[in-house]
Each structure stands twice: as structure tokens, then as C-alpha cells.
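If you scroll down you'll find the structure; I have some questions about it.
Chain naming follows the written order as A, B, C, D, E, F, G and H, and within any one chain the residues start at number 1.
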Amino acid sequence: MDWDREARTGLPEAVFCAGKTPAQIDAIFASAVAGGHRLLMTRLDAGRHAALAGETRATLDYDALSATAIHGGVAPARPGRIAIVTGGLADLPAATEALRTLAFCGIDAELVADVGVAGLWRLLERIEEIREADVVIAVAGMEGAIFSVLAGLVAAPIIALPVSVGTGVSAGGRLALESALGSCAPGLVAVNIDNGFGAAQAAIRMLGRTAAGV
Amino acid sequence: MDWDREARTGLPEAVFCAGKTPAQIDAIFASAVAGGHRLLMTRLDAGRHAALAGETRATLDYDALSATAIHGGVAPARPGRIAIVTGGLADLPAATEALRTLAFCGIDAELVADVGVAGLWRLLERIEEIREADVVIAVAGMEGAIFSVLAGLVAAPIIALPVSVGTGVSAGGRLALESALGSCAPGLVAVNIDNGFGAAQAAIRMLGRTAAGV
Amino acid sequence: MDWDREARTGLPEAVFCAGKTPAQIDAIFASAVAGGHRLLMTRLDAGRHAALAGETRATLDYDALSATAIHGGVAPARPGRIAIVTGGLADLPAATEALRTLAFCGIDAELVADVGVAGLWRLLERIEEIREADVVIAVAGMEGAIFSVLAGLVAAPIIALPVSVGTGVSAGGRLALESALGSCAPGLVAVNIDNGFGAAQAAIRMLGRTAAGV
Amino acid sequence: MDWDREARTGLPEAVFCAGKTPAQIDAIFASAVAGGHRLLMTRLDAGRHAALAGETRATLDYDALSATAIHGGVAPARPGRIAIVTGGLADLPAATEALRTLAFCGIDAELVADVGVAGLWRLLERIEEIREADVVIAVAGMEGAIFSVLAGLVAAPIIALPVSVGTGVSAGGRLALESALGSCAPGLVAVNIDNGFGAAQAAIRMLGRTAAGV
Amino acid sequence: MDWDREARTGLPEAVFCAGKTPAQIDAIFASAVAGGHRLLMTRLDAGRHAALAGETRATLDYDALSATAIHGGVAPARPGRIAIVTGGLADLPAATEALRTLAFCGIDAELVADVGVAGLWRLLERIEEIREADVVIAVAGMEGAIFSVLAGLVAAPIIALPVSVGTGVSAGGRLALESALGSCAPGLVAVNIDNGFGAAQAAIRMLGRTAAGV
Amino acid sequence: MDWDREARTGLPEAVFCAGKTPAQIDAIFASAVAGGHRLLMTRLDAGRHAALAGETRATLDYDALSATAIHGGVAPARPGRIAIVTGGLADLPAATEALRTLAFCGIDAELVADVGVAGLWRLLERIEEIREADVVIAVAGMEGAIFSVLAGLVAAPIIALPVSVGTGVSAGGRLALESALGSCAPGLVAVNIDNGFGAAQAAIRMLGRTAAGV
Amino acid sequence: MDWDREARTGLPEAVFCAGKTPAQIDAIFASAVAGGHRLLMTRLDAGRHAALAGETRATLDYDALSATAIHGGVAPARPGRIAIVTGGLADLPAATEALRTLAFCGIDAELVADVGVAGLWRLLERIEEIREADVVIAVAGMEGAIFSVLAGLVAAPIIALPVSVGTGVSAGGRLALESALGSCAPGLVAVNIDNGFGAAQAAIRMLGRTAAGV
Amino acid sequence: MDWDREARTGLPEAVFCAGKTPAQIDAIFASAVAGGHRLLMTRLDAGRHAALAGETRATLDYDALSATAIHGGVAPARPGRIAIVTGGLADLPAATEALRTLAFCGIDAELVADVGVAGLWRLLERIEEIREADVVIAVAGMEGAIFSVLAGLVAAPIIALPVSVGTGVSAGGRLALESALGSCAPGLVAVNIDNGFGAAQAAIRMLGRTAAGV
């Protein structure tokens, strides 16, 4: 683990648990405890979580929806307002991964859920609330039309977080990703599919400039 | 040429000129004249048009923007209101190919241009006008977000006509096509990229049910 | 849920169950019951259906083949004749999803099954029957040749519904989808792969013009 | 050049001219003349043909449509009937490349042109004629639906020759190729896109079994 | 089922069992028995086979390697020699599907196994044996280099049967398929990935010309 | 044109000239002049620039490398330091498009050129300079390895601007784009291939939070 | 099995166990024992290993991480120093497959683990150690940036071994593979995704020139 | 330019001229002359070469086939034997780029041309000659079958250099590249498509171990 990354880049180290065995995760956890480090785990699905050692599980704050776990509590509150905007239920896992990552870093984010463009007024009703954010994380699968609509309505940085929600031509999230990149609206940026952690890290980089820490 | 198609399916025969030599086009034209048939030519770019025989060119109503030519005039007016909705200047060639095909078949269509979602109010200002159409043809390249927005606002059939306008991940029109197919809004249908002729033919099939002719 | 969509677009709200937990589906169901709404559920596979709460299951009209469930009965009969044309057994799940969606909306559709082009006379024997429909939904996987054959024989709107039936180069349904979009026959439109619900919604948009409701 | 291939495999050597300079082609030609070999050239477009040395051009039987040239005349007639079936004008270059390759090898082939499935009766009117062939070469671009229709109607070997004729999703010929490979009709085989020479060679392999020569 | 196909095209009807329920397969079987038809089943994996009704299983000649089952015995022997050439163990399922389909139709085929080009002499040692066949079915996954090597050594028709054996860039069989289509050696034809049934059907079409039956 | 966008989103309207005729560009220019608006033109290649009307060209500040033109001068200086980091000569067109877009908006950017990772010390020598920026725009084609290296060394927001520089597997820019999105280093964001304008707009959104204006 | 390959090419025969049944593996093992051959098995996952016959398992040196098994011990030590460089835990299975293959052939390799470029100094701290190797095998998934960084720092041959570690656009290993092939740094070579065995074989080819044996 | 690269990695700096203007190339040339450096230019097509300044052209050793130019002569001869094996005329540009790069570095390579596998004996006749090389560079387009055949016959390192020679499914070189990577024969390595320079650089890395210099 790169325990010094936080000092160097302002972004804490985290454990990507997909593909790791419970034993490997337990070992990393023990090393964090030994070093007195807080720790964020991502992609820790329920089955893998259940297979961790009892002492590991005992101190973890685990959230099944986002498949994340936090050890050592969240950081002291930092300034910065983030809005996480989603179209529907299926976007919540990635949105919550972003939310929990931000919380771990001491940043409060507001979830503006269920505002997909198929019912446009739902988004328009909440647009002023979204405009108050310093950074917007927009979460969408399928055709990702919300990215373009938001980019035309909001002046803040917008991070498109495409998710692997869809069927047929939209399965896997690539369509949503490319809709963000190929948008007719200016100034959108994107992260990888389902990468809620990365979207949060990018948001922290953007907030970091004004915050004292980095 | 399949001169009986119109009687059989209600859709007139047309000549797809891309890939044909001027001599081949002249021969088809002569055959149409000899048989007393009206004729629509598509994908007849300016260079190929200029290379046609003088007698062919003399009687053709040619439009360079849409690369279409009409011989024998348009059909008598048929009932049916079509709205053709576009985001910007670059969508006009395909939109006009659809418009000219409909005119050739006696159907009047209204062009609602420059209403891309990056400036959402432009579309919202004209939405009542669009709602009055029997069929909507929506034309877009890039990420095609307008397809989803329209489908949430309009009850009529919406034919998505994706166009090969875009750069990088949106070059070639496939992103716009897949955005229509993978949309979160229900009941959209799509035709092939840049296929203004096909979109018009599909619209005629839809109108045909209520119109007397077919 | 967007309970007002039906009033706005003529298309009822439905629950896409794939990716939702039984608890989420139960909650949506309870909300529908509380609001007095009818409800259509799609992509509700047998395992997920079995895991729903007893009170949810008790009132649902469930069909395993199409993985759909209906609560609150079907709508009063609306005018309009739909033909759903399929090539073989494997097309039935998507075809039946379309059929059940139409039934939910009060529209009777006729299934013309097992008329694949490998035995062309099977289709030709039933072509007059198909020609009587207001809208044709053609369902095919593999190479989707039936879309082009139908489009040359029928004047009504034809909605190509490609399905993920095939192996090797035709696995996943994209070949059938692109065969519809790239057809040599004019005026075909397509919906996403396996999207029987979307095909039905598109058909309703087309019928809606003549029907009183929308 | 592999001048002994004909003795070894029954298939004559040929020069694929695309990507070769006129000087390289002239040199190969001179080598053939010096060795007393007949020669078939393919993909020799008009510009490259015009740039060949005068003495090369003087003895070549050149055909611009198929971009082929023959030196030394055609072979003595061999038994075997081939039908080459095409949908339209755009398929003729590849169809004629196959036709000329067969003629070079002494095999007469019949061209059954303009029988695309968008007007199905055109194909049905000529099906008996096609059934008399020992081998059928079917040529199609776009969605290639004719491959499947033929395979259900004809018992002889059918070689699908997909061509790069199409737009949008069907551009480049891959859709037609995959429609042949993924067909619902049994026993189709395919060659590479635009490979009229290869289709002819495959047909000769099939004829060769009954013919004396190989 | 299209029980008349054999009379029409010389190729018997078969049941593709993947995606069908045991109940559907049992019903088709019963219909074959009632009609006095022989029957070939393909893609009938061991699990699905075990789930068939006892009376169905009792009369089936089942082969687990190829996942095929035959009811009603094989046809009387027809003339024609087929060689099925494979590179290794992993090619045997598709090779055996072809072998069993040919046997069902009364055609004896010889399996020339384990002659992959990584040990070239293995193929060269058996090349004379292969040259005696009327038709060669070559089976290969990975990079499919054997297709090109064979096509340079054998004059008979060669049907490339690519299989989904490989890892990384060769996973899924598309690389082998394209190696056959894009070969530098002339006159190769290909069928779909893993389509042993189709390769056998194509071989029967080729044999059919000399055999009396078709 | 959407002349109010700047007031609404802080980002000025610009004209994307690729695909527009000189006459269309002249007309937009005249409209800008008539309305008293400043104007930025992108993708205005030298040929198209030369074909503009004399009066248009007379007042344009044109830069051939980036294919951009500015009318009406640059905006008053705004706070904010941007570093634009590139690997080599081939990255300069997109980098300069970003630079000129920023200049048009009153923002000074520093170009850190020729620091590709194949000679790692070149980047390490200038890393402190890069760390002083508020936002970093990293420009790279080929395999885009510099994105990951930078993201591990710098805490500021990093906008990856992939460019269509490369050959074989890296042609077209998609490899560089995906290297940014799939990076092992946290918090990178990306814009579309060659989209220097978009990268600049995204940077302005990020600066805007601290600057007074938006 | 090609037991003579080692004599012919210096590379021993190995058994690729994925897709083989335990019975097939047992039979190959028995044949090796009968012939007195040493044997390397790859892609032998834990489940398949457990299903082997007891006598097979008894003599195998099995390693679950790399899914390899060795029968008959390792070869006598050969000269040559190999460095295997990896970014993280997830690269270890493929790295260890290479390591065990080299050990089987008598070659000692050093593992330089956990030096991914997101923390660049980790790699720089160990670069001198890497420079002492005769051949470097670099193992990486995701965006594979380490390949380019190494190639600029080391003069020895570098074999890029991309692994299927990643999510979204980097899932499956193709991005890492193409990053190696499309690198801006000169003289990198690549093997197939996850092909630790092949990377080791390539390294042995390179060592072989100086070693006496081959 | 990175003039110190040769000292650092044993590989000289070179100028990739595609995409650079003649003025940029002239400037780099002048800088090389001023510094007393030898220089290799690649991808310098005839048109660009003709547009260079007279003084640049005067001292360049230019080769049109490979589009390379050398300034300052070749290096003193270094030990090492390289065989460059090709299938046909179309492979010569890339093969010669490799040859000239090696010559620039003082390494003599032998060209074994026209030994494609469609006429296998051509390769077998020269295999002993190829076996004497320290490193083999194999050059092939289309389906690249020669890579696998060579890897089964030769023990030396084999660098597969795929080239963009082919049509239809083999156009662009990706099929040949993947055939090398997915080969059934062990220990092949590959470089990017058409990358003769890179193949030579990789060969130098491999030779470098035994040569004194690096």
C-alpha cells in the first residue's frame, strides 16, 4: 500500500477488493491497523465481506449497496459542496460509492436522485439546487442523455460517471461513457464506467484547489 | 428498377446514386422517362450531378444540400403533418433528404431547426408546435441526447435519424444511433445513419394507415 | 415512478425488474397499490418473481415465458390491429413481452409464429393475414433476413425487434439489429435488442394517432 | 510467382495488383511472357492499368468494371455450370471478377442479376434457372438477406460473396458477411468481402471433384 | 419443424437445443416420433439431456462430447469421402458434431486429429491421406493457421470450421474465423464459429452434386 | 448561435467550422459582428480559412497550427494558472487549440512541451513547475502513459486530452483516451479525442469556482 | 503431445489444462510418466486439480496462485537472469505462471513486485536491479503505462505481458496489450493477454542465443 | 530530440516524419547537423521528401520503398545475424524499414523474401538458412499464418511484424497482429502494425545482450 499518497496528492489510499482473496484483504487491513491508518475498501461485495476474518469485519463500517467499507471513521469536514445527480435506482451503487468516498475524505455530498430526462421536469424542478454545488457528479447508464442536458444548464464542473446499466446496445456502460465524451454541450469530463471512487477523487482534486489542504 | 413498388407498398422507387456512374444514372433516367415514371434520386453529389448528360440535368429539380434530384414533379398533396426536428446546421443534409422525399410523395413537412439540448429552452419553446405533428423525425449526430428528451415530451411516433456528425468517439454516427436505440425513454424507433430517405419512407408507412392511399 | 407518464405520452409506466432487488420491486408494487395504479413489470425472471413478498405475488398475473407480470388487469380494448411475426421458438420471449405490453394497454395483437425465411413458403402462406395489420412487429435473431423480406411485401409500418438468439457472429442480437437498419428494403425501423416492451410502445405511438386517446 | 500452383491445386496463379506499382506489374507480366504462362490480374484499377507499359497493355484483355486483365486467353472449356446471383448494379464489380476468373479457367457462368429480396418475386421467377447450377455464387452487400433466402430454396453448394456496398451500419461489407455466416438456413459458406476471385476459386475446387482435371 | 426440408434441399431438419427447455425438446421429439421422422439434435448438453423425459432418452443415441443425439438411426450409406482435420483435443466437440451430422446423413468421414501447425511434420505426414478426400473440413481455434497451410497443399474444397478455443485475443473463435476468410491461400470457404452442423451440411451440398440423391 | 451561453454557463459560444461551408461561416461571422459579439472559431483549416470572404478574414486573428480564429480580441485577464503538458510536436495542434480557447476567455496558460515518458527525466525536471498550476491539461496520443505518471505526481485536477496521433493499434486516439479512463492512478478525467476546445472549457469550469465571474 | 519439441526448439511441451476434462489430463499425465517425460501443466485451476486422479495429484508440485503443476522436477540451472516486474497483487497469477515456467526450464527469475507507476518512485528505487537482467518481463493490467516507462529506462529486451486486470474500458486486458504495442518508447514486444507461459518461452528463446543448449 | 537515448538504451533517436511538416523536419535535421549527430528518418514519404530544403536532401541517403532516410552514414559493424522473412512483395516496405534501421545501427540483416505459406515448400527450402539467425523478424499481412509455422520450426527469438496488407476482414493489419499474439506455437512476440523500426529496435535489444556495447 502507498500510505503516503494522501500527503503527496491529497487523495487517500484505498483497497480495490475485486479479484483479491479474503486473506489478502485481511492482510492489508491488518497492515493498516498496525500502521494506524484509516482505510477505504471498494468493490467489496457481500460474499467477500462475509468471508473476511471476524476481527476485520468487527471494526468495518460496511455498506452493501455501494460495496464499500470504511475503517477508522471519516475525516474532519472539509469545505466544498458536491451534488451527485442520478436518473434512477440502478445508478445508486456507483453514486453511493462516490458518496462514501467523499464522506471518507470529510466532504458532504447531496444526492439528487431519480431525475432522468425521460421525465424532464423532474430535473428542471431541482436545477437550482444542483447549481449551488461546487462540483456536480452526474451518474447515468443507458444512453446518458442527462450529461448533455446538465452541461447546458450548469456552470460548475460536471464529472460524468457512466454506469453499466442497460441492455442490448447500451449494456456495459460504454454508450453512456461515449455520450458524455461526445456531447454537444461543452466542458464535460468523464471517468471510467462504474468508477464512483474515481469520480469522487476527481471531485476532491477540483475542490482541493480552494480547500487549504493540498 | 422496381417501378411497381409504389403500387405494392405505397413507397415510390428511388435511385441511390452513390457508387453509380453518371452513365448508369443517365440510363436509369432515360428508362424512367420512357416509362412515364416520376423519379427521385438520392446521394447525387454535386460532382456526379454535373457529370450527367445535359438532357438529364435539364429536367431535374436538383438540391445540392440534400444531394437529391426530382424528375416529374411532386405528388398531389396527401394528408399528414410531419415535423423534422434538428439540432444544428450539420444535420440539415439528412433532414433535407427526408424533407424532399416527403415532398416527392406529396407530404408537407415542417422543419424545426437548431433546437439542440445544449440550449434546452430552444427546444422547450417549440415543443407545442412539435406535438401537433402526426409523426416526428428527429435528426441528430454527436451523442443524440435530443432523441431521449423528445421521447419524454411527445406522444406521436418519433423516428430517430442519426447523422454522421461528430468527432472522436462520436464520429460516424454510431453513437447517435445507439443513443436512440438504448434510450431510457420508451417507444423510440431508429433508422440507419444518414438515412433521410428511409426515415421519410418509414414516416409514410405510418401516415399511410390513416391516409386513403395504401 | 413517473405515474403521470400515461397522461402525458399515452404510454403507461412500467417497472424494469432486471437489476432490482425483490425488496425494491415490492416497494414499487406497494406504492402502485397505494396510489391505485395498474402496473406492468418486465424482465421479472422466475427466480426474482419467486422471491417477491407473498402479497405482491398474490395479485400479480405472471407469465414466465416473457418474464412479465401485470397488476390491476388490462386496459379497456382500444382499436388497432397488430401482427407480431416470428421465425421460431427462440423468438417467443421477446414476442410475448410485446404481446403482453400491448394487452396491458388494451390492444389485441395476433402472433404469426414460425415463419422464418429458411422455409420461405411458410411466410408467403400467411402474408395476406399480415397485410391486414395496422402495424407489424417482426421478431428475429440470427441474421434477421425476415425483416427485409417483410418490408418488400407489406405496406404497413414494420418495427424490427431483433433478439439475442444466435451463435458465433450472430450471438447477442447485434447482427439481427444491423440487418434491420442496413436493409435494402425501404422504411424499416428498429428498436433495441430484446426490447419487446419498446416495440410495443412504438406500436402504440403509431396506433395512437388514429385512436382517440392521445 | 508460384507458377506450379495450377498443377498442384488446380487453381492458376494470379496477380493481385492493388498495392503494386506499375513497374512491379510490368515485371511480373514480362516474367509470365518469358515463361509462356497465361496470367490473370485482379484489382487492376483503370489508373494503374493506364500506367502500365505499352507492350503490357497491348496484349491484355482488360475489363474496367471488374478491374481484371487476362493475358494468354481463356482455358479450354471445362464441364460445370455456375450461377452468379446478384441483387443490383453495385454488386457487379465483384460478380464480374468471379465471372472473369471462371472464364480464365474455362468455366462458363451465368449471371442472374437484379434479383434482390426487396422485390422477392424477381428472385422467385428465376429460381428454377438457379437450381440447375452445380454451384451458386450469391453476391450481396447491405444486409445480405438474399443468402438466407437462397439457401432455403436451392440444394447446390452456395458460396456467399459479400460486397462492400452499403452505408452506415452496412458500410464495408461486414454486415453482409456476417449475415451469411450467421444465417438461419443451413449449409451456407462464405468468402472474404469483395473476394470475387476467391469465390471463383472455391467454386472450381467444388467442380474439380467431378471434372477430370484435378 | 420443417419436415419437408430434406426432400427440398437434401439436408435433413435438425433441432438446435441450446435455449430450448426440456419440455420443448420432448414435444419436438414426440412430434418426430408421431410423424415417423428420424431426428438429429445438436447443442444438447449433458444437463439438458438428463432433464429430458425418460421415453425420449430411451431411444436417443446420445454423444456427450459433441452434445448431439440421434433418433431413428443413421441413413443408408451415401458415396463421398470427407476428411475432418483438427489441431488438438479442444477441437473435438465441433469436429464430432460434424462427424455425427454426416453419419446421420449416411456419409462416412475420417478424423485426422492432432496435426496442428506448431508441429508441422505431423500434418505433412498425413497429407496424402487428406488429399484423397472429396471434401475437407478443417477445424481450428486460436489463430487458425492450419487453414492456410492446408489450402496450399490440397485441391479439394476446404471448409474452414473455426472453433471458440483460445485465450486473450483469440478467445471466442473470431480470430480463427477471420484467418480463414483473410487467408493468403485461395479458395477457402468458412462457416460460423463452432458450427460443426453447418460445416457438415455444406459438405453434403458439395457431395450432393455427384451423389444421385439431390 | 447561442449568444447568451456565456452569461448562463460562463463559457462563450464558439463556431465549430469543420463541415460548414465558407458561406455559412461568413454568415455566422456577420451575425456576430452585427450583434457586437466576440467570436472564437475552431477547426478552421487553412483551406477553409482562405475561402472566407475578405472582410471576414481581415479582422480575424488566425492561427494555422491550431486551426482557430478569434474575432474581437481576448477577454480581460482572469485569475487562474493552467499548465498544458505535451509529449511531442504532434500534440501541438490540440494543445494550441486549448491554449487559444483559454486566451480568448482571458486565462493565461503555460505550455510544458516535449516531456514524453519515453525520456522520463524530461518530465521529472519540470514537475515542480507543473505542480504550481491550478488545473493541468495533459495532451498525449499513442499509448497515453503520461496521464498515469502525471496523476501520481500532481494533486491538482488533471484533464486528459487524448489526440489522434499514432499508428496501427494507436491510430485515431482511442488508445490514449482509454488509457486515461482506465488508469491505475486516481482522479483523472478525460475529454473527447482532439477536443482541445472542450478541455479548455472544462478547465474554465474548474477555475470558475474560485474566480468571481460565474 | 509433441514430446520432441524441446529438442527441436529448446522449449518443452506443456499441457494447457483449461477446457480439458480431468480424465483427459490424467491420460496425458500417464503418457508422460510412461515415456519418462517431465511435464508442466498450466491453467490448472484448483477445482480441476482436485478432480484429478489420486496418483496424478500425488506426484504433482501444484501452485494454486499460478494454476500450474510440475511433474518430474525442474531442469538443471541454466545461465541467464530474468526480472519479472509487476504493478500489484492482481498481476501475480500471470507473473507466477512465467516464474514457474522459467523454473521448470532451469532459469531463475527475480520478482520485482508492486512498482506501479501511480507511485513512480517505487519503480525508480529498484531500476538498477532491473537493469541487471538479461531479459525483463513486465506484467501489467489496466492502462499498462509501466511498459512505456520501463522501455525508456532499460536497454535489455522487454517482454510486455498484459493481464486481464481492470474494469470498464480496461476490462479484459486489451487496453494494456495495446498500450505495449502502441508505446511511444522503442523496442517493446508483447505476448497475448495473461500468457505468462508464452512470455517465459519468449524469454527462453532470447536467453537461448547465449546459453549453450539451443 | 533525445540525443542521449543511444547512450542510455543502446537505441538511437530517430525522427518519425508522418504528420510533421517539411519545415519541422528541416529544423530537426539542422539541429542534428549542428550537434554532429547521425540521424535516421522514418515514414518520410516521397512527397514530403521532395518538399524538404535542398541542403537537407543533398546529404540524405533516401530510400523510397521503405520511406526512410539516413544522414551521417551507418554505424560500424556490430556482431549479430538477423533474418527478415517475408511472404511477398507487399511486405517489403516494412521489411526494408527494419533492414535500414538495422543497417543504421551497424547490423547486417538477410532478407528471405517470398516464402508465404500458401506455397509451403518455399519456406521449407530456406528454413536452415533462417535457423542460423540470432533473431528472426517475420513480416506478414493478411492472416499471418507464417508466424505460427516459423515458431514451430525455429528456436531463435521470433519478432512478428504484422503489416497492413489485406482486404476485407484482413485490411489494416490487425488480423495478422492477432494471429501472432494468439498463435498455437509458443514464444512468439509481436510489435505494432507496420512498425519495422520497432521490430529492428527490439532485435537490437536482443542482440545487445551478447554484443559488447550496451
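Here are a few things to note about the model shown:
We adopt the following convention: a contact is a pair of C-beta atoms (placed from the backbone, for glycine too) under 8 Å apart; a residue touches a chain by one contact, two chains touch by 3 or more.
Please read all numbers here as calculations on a predicted model, not as lab measurements.
Shared contact partners of chain D and chain F, listed by label: B, H. Pairs B-D and A-B differ in how many C-beta pairs touch across them, and the larger number is found at A-B.
The copies chain C and chain E differ by a rotation of 90 degrees on their C-alpha atoms, rounded to the nearest 5.
Distance from the chain E centre to the chain G centre is 35 Å, each centre being the mean of its Cα atoms.
Taking each chain's centre as the average of its CA atoms, chain B and chain C sit 27 Å apart. Chain B and chain G have Cα centroids lying 57 Å from one another. Among the residues of chain B, those touching two or more other chains are numbered 118-119, 151-153, 167-170, 177, 181-182, 186, 192. Every pair of chains that touch is listed here: A-B, A-C, A-F, A-G, B-C, B-D, B-F, C-D, C-E, D-E, D-H, E-G, E-H, F-G, F-H, G-H. Taken in their complex, chain H has these residues touching chain E: 87-88, 116-120, 142-145, 147-149, 151-153, 166-170, 175, 178-186. Across the interface of their complex, chain C is touched by residues 8-11, 14, 134-135, 151-159, 177, 181-182, 186-192, 197-198, 201-202, 204-206, 208-210, 214 of chain B.
Every residue of chain F that touches chain B in the complex is listed here, in rising order: 2, 5, 18-20, 24, 164, 173-174, 177, 192-195. Within the complex, the chain D residues that touch chain B are 89-90, 118-119, 122, 165, 167-170.
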